[in-house]
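One structure, pasted below without further comment.
Note that the chains are named A, B, C, D, E and F in the order they appear, and that numbering of residues resets to 1 at the start of each chain.
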Amino acid sequence: MSQEILIGKLAVLLATLDDKEVLHFQSQLKDVEFCTGKVGAMNMEKVIAAVETAAKRENIIAEHLYRENHALYHTILEALEGITRGQFAIGDMKRTVGLRFAIIKGKPYTNKNEGEWIAVAFYGTIGAPVKGLEHEVVGLGINHV
Amino acid sequence: MSQEILIGKLAVLLATLDDKEVLHFQSQLKDVEFCTGKVGAMNMEKVIAAVETAAKRENIIAEHLYRENHALYHTILEALEGITRGQFAIGDMKRTVGLRFAIIKGKPYTNKNEGEWIAVAFYGTIGAPVKGLEHEVVGLGINHV
Amino acid sequence: MSQEILIGKLAVLLATLDDKEVLHFQSQLKDVEFCTGKVGAMNMEKVIAAVETAAKRENIIAEHLYRENHALYHTILEALEGITRGQFAIGDMKRTVGLRFAIIKGKPYTNKNEGEWIAVAFYGTIGAPVKGLEHEVVGLGINHV
Amino acid sequence: MSQEILIGKLAVLLATLDDKEVLHFQSQLKDVEFCTGKVGAMNMEKVIAAVETAAKRENIIAEHLYRENHALYHTILEALEGITRGQFAIGDMKRTVGLRFAIIKGKPYTNKNEGEWIAVAFYGTIGAPVKGLEHEVVGLGINHV
Amino acid sequence: MSQEILIGKLAVLLATLDDKEVLHFQSQLKDVEFCTGKVGAMNMEKVIAAVETAAKRENIIAEHLYRENHALYHTILEALEGITRGQFAIGDMKRTVGLRFAIIKGKPYTNKNEGEWIAVAFYGTIGAPVKGLEHEVVGLGINHV
Amino acid sequence: MSQEILIGKLAVLLATLDDKEVLHFQSQLKDVEFCTGKVGAMNMEKVIAAVETAAKRENIIAEHLYRENHALYHTILEALEGITRGQFAIGDMKRTVGLRFAIIKGKPYTNKNEGEWIAVAFYGTIGAPVKGLEHEVVGLGINHV
């Protein structure tokens, strides 16, 4: 593979693993910028906002530059496709999600002209708004910044 | 969480991690049935067939029982949504995928009446049919068997 | 066909026919559990809730078992695809639906190991929220329980 | 309802019922033009062609008038949404369909200025290309001609 | 081409060009009925309503005739696909649109039996609800009336 | 608007207008790179390939840089959504397209830190593979490069 840093894999591990498990992969994180967060919601708007807010607060994207906002936004949408799996909007369907997310920015390709790329991963549960009536979901989006 | 085995997380780890990394999670795999495989393809039909063949060969689903085939099929489709991310069929779009997949069957819920569930995860790359012009993708589907 | 009970056809007939017309098919209903209901709505959430409530009240699915809730939920979503026909959420589009629905649970296959399956059918009208500006719609979903 | 002829219901019944059952509804068919047919296929193209050919052969639409072809084509696509239920193209997914279809043209509305409308209904099975590994599906599309 | 009036092209030009630029195309508009308007919104419902209201006010469609409402509604939905580009509902995703629209009705085909057709075009911006964080979008729908 | 060059509008005009009409807009094209082309096809693969080939041949994107290929590819897909309008793949549905396309690269925003963006527009006809049974379609995609 022409990638020397697997930002997609790392984003999924950061979203999926607990604090102790993630220690096994710490050395792979030294060359990327990243942050993680949590969001529980019954609509996609709140999920999107949580990721955008975290990315700006941690300076992973520049708040006032549209090209970085545009890149992040489409990355989030691609990751959400894995969560909704081709179906309709979350809130329209009596579903609720509880998600952990990770955002990674780095230069994954051996060829440094490929520049910076961003990965957004989600891991958590989706289900009826009743505890226990839910199963796991994972989503990953990747885009050039 | 009312799940005592996270079959979705385990399937994603099996598809994503290399042989050495996965050793950290070996103990969590003792109570589930699973298998893994690889597939490279320019159409979804070949990806679906590879997973179905592996699941039957490893006796994760019964070959001649439609309800198990039906459960697996919809699980694969849900996982593929994370790979295609709301877009069209792979082969129609000049894209090629190289994927590792994992299939897990187990009883994830504390309440044993919840019975068996199946998880299918994909990890790999999607891109132009030219080496290097590709990025990572992840997909996960879960269904009751 | 390897099905001896056509639960899909029966669900569609129960949703579509009036009380008198349905009498012609009464004998085919003796080996299945079923219930019917009505719902008028401008959003999918209300339609989904109406079917779920009826299915639980009539004991077609067990209220606290996630696998049965999961099976019913995906069956409803599949049936709704016939109603929305690939378009967006109902309420987002100034459309209103008036639907009759039927839920059937039974063992449709000759091979009894195939176990129980569920069918959900809708029949009614979709249109502008103005009387008469509407046409008929039908949807059917089927899943293993 | 402002419809005096339920062309959607009639199309679904024509596609779903066997020759003997349909006799109960014969009187409702006297004011519409209709035809029925069968098609088995692993791709949508063949299904679409079968319906178009039948409609032209039976003079339900005028072969060389684009507006009638356009109306029929979109009606078929809407009906197919109920068959594919939001998923990908049939042949891309190792699925095969065996369908009976009905096409009805008539003046369903009380207000005769509403003119002619067309309904296309499908009923049959979808599944793996292995006998028995399949379940029922229904689809209905309606359009002004 | 068998069209002598390109209603799709004209609708796109009316929506896209400013008052001065559109003068170059004035002569092509003499044989069609048309109107234009503007709408800013965070949900599709408001966009659909703005177009429907304009079409009725300018007598491009008859308010109480369902077949004309049905034709316009599906034309608007097709045009909105170009705006949302396969993604979810506008308001669900923290997006806002500012659109100019044009509606054209005419007899575009050389063969006059093809009758009247309608075109709806949108041009404007979509983006975050923050000035400047947005890019252009275009959509066109066409249908027989 | 914070855009001083409307690359979306210009791309649509380049794809839509004939050689004489486009002269009115020549002055707006002096600060962007662009090329145009034509493609007739019964599948999306051929349409995508035609645009990619033109963009590389005219040096609008660098052939061996994945980030530019990735940006162009997603721009093409977004533009194709306007052509297919939420429906299935072209070739699966007995449809054929005849399209003119335009690709524009430029720095549209007043804030020069926003850098380069790309727009792809299509204009032409879609229909049955029979001359005359077709109507116009337009699509536009925009992405940061």
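The criterion applied here is as follows: a residue touches a chain if its C-beta (ideal position, glycine included) is under 8 Å from a C-beta of that chain, and two chains touch if they have at least 3 such contacts.
Bear in mind that the values here come from a model prediction, so they are computed numbers and not experimental data.
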Shared interface numbering between subunit F and subunit E [over half = same, under half = different]: same
Chain of greatest Cα-centre distance to subunit E: B
Between subunit F and subunit A, distance of the C-alpha-averaged centres to the nearest whole Å: 30
Chain centre separation in whole Å, for subunit B relative to subunit A (CA means): 20
Centre-of-Cα separation between subunit C and subunit A, whole angstrom: 36
For subunit F, residues that touch 2 or more chains besides their own: 66, 70, 86-89, 91-92, 109, 111, 117, 132, 135
Sites on subunit A touched by subunit C in the complex: 87-89, 91-94, 127-128, 132-135
Complex contact set, residues of subunit A against subunit E: 43-45, 48-49, 52, 66, 69-70, 73, 77, 88-92
Contact footprint of subunit D on subunit E as seen in their complex: 65-67, 70-71, 74, 109, 111, 113-115, 117, 143-144
Subunit C residues touching subunit D - in the complex, by the definition given at the top: 1-3, 6-9, 12-13, 16, 21, 24-25, 78, 81-82, 84-86, 109, 111, 117, 119, 121, 123, 125, 131-132, 135-142
